[in-house]
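In the two assemblies presented below, chain A is common to both, partnered first by chain B and then by chain C.
Take a look at the complex of A and B:
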């Protein structure tokens, strides 16, 4: 009898999908090494110029700014998400748990455009925050929040929050509470028990959450595009601009490839960091 | 505000303060999450054609405009077509592969899994650009097929994970019982395994459908005027107009999504589905 019935039937469609996705990546990789022919959509011969062009201060600066925004967003998201994830996992109130879960997760499914648009109304010069501050008599002139790194990061924290909450909750829900009980019965206060037991045990989730938030922020386009408004550039907005404003697809491809390498490097480092952390929880 | 009951009983003042501080932090975060939705909800009923706060007069005319604006209705229709195809194809492909992943070992298994889950970490603008260049290389135009293939690749990891998790939780003794009672593999698959997988299949399909319908960045690269989806139409609207029409549409979006998720939570247990969604 066939030990693996239907194997080909199950794997063949997936193989086709994998080929499509690999072909798309191969297409980018190939374009990254082709010359840009102004005025033509077809690329020229093989060259490394696209990668040398990345070293120009203008582009190098966008790279640095992107990494800075991603780091800032990932760390702030961690601090904001942790209390929510903790409450979500630990509350015994079923209604409250559902409410917290739906609140945390719904934004994930709204898409970037709706959420970013909402933040424009919150942060704009005639928006919510400025109107409230003005109404309270705290300011005369509106505080500029649109087109600033502050505005972009605030909205990006909102965008990456759901994923962080999901990852932290997953890690927290897998912690055996007996460890904490042992700590408290040995005389540790709740703060000490949290800092010495719960927090270290949740570190794999923290690292996974921060690295994923980094990758998501890196991937974000609508938020830096709409709130940054050209004043705050990230690699994603630059790739779009190069592709659709100057039709320089080879350079856009080179930028994407370099960005992808950066993402993979960050994720690989996070994976290495998680390894020893998981050993702490293993015994 | 309900502090955990255990703490109230042990009633040390320090612990009370800690619980209050903790819950205040939680509610502050909840406020941060909800704030934009509330603000957009108020703005949607602003009578003035310029977004300003607080509204001086109220109106529902932006909702009417959101429904009558052609690009939105066409984007909605295009989105439904793309989502229906993309999520259903992803369901068939992803469920089959998750089954093979769970049950069999075969050559290239790890490589195939790595390629198929990679869209989780590859930026959407990179995937969109890749498919755009690929289409140009094979001299294809920006048709529905291109958008659908791109969306299938994007949502596949979510379907795979959802089905894989339900396969893991499946009691394989039920299949053994069917086999020992003489059912052929095909019969066991269709009468035992598949019915037991229905919740996992449905939640995988639902996630795929919601994500596909709302996908923006990759869609911006691979859609053309004739195939643009609702998020792309919305993005183009903001670049041209500053009136609250988009606020009205956002309100509808938020309400519908929250409703779908609340229903999904009641029937599928969102916590169960999402709790396993951590990368190892």
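Take a look at the complex of A and C:
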């Protein structure tokens, strides 16, 4: 007798969704190998030209820039998120804990567009930062932050922060506090105890957080589109331009497929890096 | 040698001694002067007073939540006291940072650093002290030899058995030559046989090094077998401090009597008290016991007589109480004969008979008289009237 009579029923919606997204992916995959027929929405015959086109400096440049922005964002997010996650896990003060949780995690529920829009208000030429600096008499002319890599990375860090905080908190909360106590009793001050014990033990969480942040940023669209304004190109914005401005679906598909492959490659590398670290955590 | 009663109302404070003698007393060992710890509204430790001599093996014994681990954490510096002072080797600990206290701690779960091998774990305290590499290697090798783990330096903690991890934890705590060694229920994760072997080994190492040791446990047999002295704790208070024999044979209150070892309770009445001796009436007789534990109790008051199973004999003739043999519990080296005695609290008296002939000599249903020496009985005011 079937022990789980409703299993099929429960799994059905997820299966449908999975089939739909697999079909979409398959469509994109086959588009990537079809020729672009200018002036037509239908692709031509099978070809590898789309992938060769990616090697042109113009597009290769966007790949390099995307990887650079993603790495920068992931690392800055790590530096900002670690203290937050540490405080969140370690504080016994309930008010502080709630405050940290709200500041760190609520942005997740605001949506990328809303969060990015708030950054336009902060970073714009007549925005918060520039008007404050001007008011203080520190600058005469506004500092250009919109449409720059700096602006895009700043907003992406904010967008990525909640995910990183959640992943680091999970890793840190699994570290037994007795390790720090042991280090302390053996003569390590708070900083040494952190650097020699807590930090190394949290490395699986750090690697997982950085690789997730990387993948998260790689697929971000609204932020680079709105803050970069076409001046800071990332793969996602390029796909949009090619697909919906030039209607070159095959090339956009090839770009997407390559981006996806790159993301998988990065995640696989992170998994390899985590392997020896995970054994550490097991005790 | 009388047991030292710890009572805040009669402080064992050094107030009476001259300052010079006081300082001398603080040179070695551990001194806990009226230490209090509160968590919110709950008081985890009520003004604890305790002196531990240099090289002594002191056990803090009590049920969970009695404050023993709190006291240990206060000594280690993991918690801050709300009042009182702690001295280790003459140094005031309550003003010393925990990483500066030179105290070795063995944790219940060992807390071996999982990302370091055994040698790196043991050498950690030395590296933090900036000891030279060559000296670290020598001292780590010595410490591993001490705990019989020579050649295990390259292994990772997860490749070791529980007993081996325990030894590494001990070596790591001892290699820094601590002024005090603190052990927090270190054997609770080990199986029974290994626990016995590790107890003997720890005791031998402790004696050889002469390191002052504070051992926390809830296991009374562990406390009795290992300690020089035991401090029995309950509900945040130190109830009695004494040698294992004093604690076992001359408990100062009913809690200590029933927590440490098995005990039979016979309700009775205090007849009179003359000097050091009190006469107590029980069911079928009267006996004279020490009056130490009956201070302030008026004649006529209900008292409980506590007697250990090993102090009770099955009498040939007349005894102090009588009953019917209900059951035998064979324990190998001895047999516990459970006797239904109407006059006993719980209706039962346990008699511990050495050897194995008890069941044939006194089969179930036999009427027996029970006897014991008044010297083996302790009387307390009854809390059931």
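Please note the rule applied: the second predicted complex is superposed on the first by the 268 of 283 C-alpha atoms of A that agree within 3 Å, B and C clash if a C-alpha of one lies under 4 Å from a C-alpha of the other, contacts with A are read in each partner's own complex, and residues count from 1 in each chain.
Heads up, the rule we're going with is that contacts are C-beta pairs under 8 Å (C-beta built on N, C-alpha and C of every residue); 3 or more make two chains touch, one makes a residue touch a chain.
Since the model is a prediction, treat every value here as computed from it, not as a measurement.
Per the definitions stated earlier, placing chain B and chain C onto a shared chain A by superposition produces no clash, and the two fit side by side. Of the two partner chains, chain C is the only one touched by A:181; chain B is not.
Partner contacting the larger number of chain A residues, of chain B and chain C: B.
Of the two partner chains, both chain B and chain C are touched by A:189. Look at A:66: by the touch rule set out above, it reaches neither chain B nor chain C. Superposition on the shared chain A places chain B and chain C such that, viewed from the Cα centre of chain A, they span 80 degrees in steps of 10. With both structures placed on the common chain, the touch criterion links A:200 to chain C but leaves chain B unconnected. Of the two partner chains placed by superposition, only chain B is touched by A:158; chain C is not. With the two structures overlaid on their shared chain A, chain B and chain C come no closer than 5 Å at the level of C-alpha atoms.
Overlaid on A, the two complexes show chain B and chain C touching the same residues of chain A, namely 189-190.
Those residues of chain B that touch chain A in the shared complex are 2, 4-5, 14-15, 18, 22-23, 25-26, 29-30, 32-37, 39-40, 43, 50-54, 92-94, 96-97, 99-100, 103-104, 106, 112, 115-116, 118-119, 121-127, 129-134, 136-137, 149-150, 152-153, 156, 185-186, 189, 210-211, 214-217, 220-221, 231, 234-235, 238, 246-247, 250, 253-254, 257-258, 260-262, 265, 270-271, 274-279. By the touch criterion stated above, chain A contacts chain B in their complex at residues 2, 4-7, 9-11, 13-18, 20-25, 27-28, 31, 41, 80-81, 83-84, 86-87, 90-93, 96-98, 100-107, 109-115, 117-122, 124, 126-128, 130-131, 158, 161, 166-167, 169-171, 173, 189-191, 205, 208, 212, 215, 218-222, 226, 236, 239-240, 243, 249, 252-253, 256, 259-260, 263-264, 267. In the complex of the two chains, the chain C residues touching chain A come out as 76-78, 97-105, 107, 109, 111-115, 124-125, 128-129, 156-158, 172-173, 176.
If you check the complex, the residues on chain A that touch chain C are 176, 178-179, 181-190, 192-193, 196-197, 200-201, 279-283.
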